[in-house]
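Attaching a single structure in structure tokens format; questions to follow.
Lettered A, B and C in written order, each chain numbered from 1.
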Amino acid sequence: MVYAGRFTVSTQGNDDMLDITGSVEQAILESGVVNGIATVFVVGSTAAITTIEYEPGLKQDMASLLERLIPRDAPYAHEARWHDDNGHSHLRASLLGPSLTVPIVNGRMTLGAWQQIILLDFDTRPRTRTVHVQILGE
Amino acid sequence: MVYAGRFTVSTQGNDDMLDITGSVEQAILESGVVNGIATVFVVGSTAAITTIEYEPGLKQDMASLLERLIPRDAPYAHEARWHDDNGHSHLRASLLGPSLTVPIVNGRMTLGAWQQIILLDFDTRPRTRTVHVQILGE
Amino acid sequence: MVYAGRFTVSTQGNDDMLDITGSVEQAILESGVVNGIATVFVVGSTAAITTIEYEPGLKQDMASLLERLIPRDAPYAHEARWHDDNGHSHLRASLLGPSLTVPIVNGRMTLGAWQQIILLDFDTRPRTRTVHVQILGE
């Protein structure tokens, strides 16, 4: 069985981190799939999906880390070419990736108790993001 | 067909890197799936799954790299807030990600000859880790 | 339904970045799958798959970023042990990962308009790379 779930979220951009676990769980519930997988995919080249213990400390730590590794104000060929300001947004998104696949066992994702699915928006302005939740199983 | 495989491993934490390829192969064998995919997922927010040429040199290089990019002894808001010592563990795990999906073709994963599936445990103490191997196919 | 697609590409190594979106679309077309997922997987431990806005500026920015984070000329235990020159290639590949899963909805991948699937080859010489496109769905 294949179930094509989808939802949108509003972000503030600028490393905004959103816990989307509940919306993914909702899609799984609607799908009726009890054993299978859920692929969570964010559309666009300046956002990413991963897991984290979702709490304010790590939210701040993740933003600091990415600013240190891939600074906003460094020179980027992307920005020179397109008169844009989001070279760092693209690189951060490509490094983390837009896709995450999670097993579904007995109707529930196999996440840990302190492991949430997050969307990170690295763009430099507020955005509305579309997230696909593709569910396969039985 | 969906097969829900699972196994546990004991780690030393502190960037311990384990080759789990054999355990994933065992789950595929038990599933009977000949063509499909295997999603390998580690439960918890301080461990990760990826592939590498599993040999002692790269084991050491990976630990050095992560210590340079995300140092253990840097200040983390997570640690200040929770009186914890594993801020770096969370960030390393989120960057690498908990999930890997590998094609199964003619009963075998499509890994390269020197490409193993590894679990990295970034926590600061020994842990028992649960790994799910969700197999879909025919 | 499971469809096992596969293609090869020739790379220059040395951070060569190739847009493989068209080849993945071709495999989906051949599979006849309208709703499902495509898992794109590169064989080998010195190449990676992710998404990016594929344009010359970001191609240059990605290479610069990885050279800054994981320099080619730093000392690596892998190279000391095996008298090899590609320690950085392995680490870059493990960090980005060899696998990407994308939803297929109404016969098309759910990529953004400026979001392409890329193969990055980090090895230090030209290579021929095998990419598997495992498609599940209906």
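Note that a contact is a pair of C-beta atoms (placed from the backbone, for glycine too) under 8 Å apart; a residue touches a chain by one contact, two chains touch by 3 or more.
Since this is a predicted model, take the numbers as computed values, not measurements.
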Size of the rotation, in steps of 5 degrees, that lays the CA trace of subunit A over subunit B: 120
Proportion of interface numbers common to subunit B and subunit C (over half same, under half different): different
Distance from subunit C to subunit B - Cα centre to Cα centre, in angstrom: 19
Two or more partner chains touched - positions in subunit B: 69, 95, 97, 101, 136
Residue ranges of subunit C in contact with subunit B within the complex: 2, 4, 39, 41, 43-45, 69-70, 76-82, 87, 90-91, 93-95, 97-99, 101, 130, 132, 134, 136
Contacting residues of subunit A [partner subunit B, same complex]: 35-37, 50-53, 55-58, 60-62, 64-65, 69, 95-97, 100-105, 110-112, 114-115, 136-138
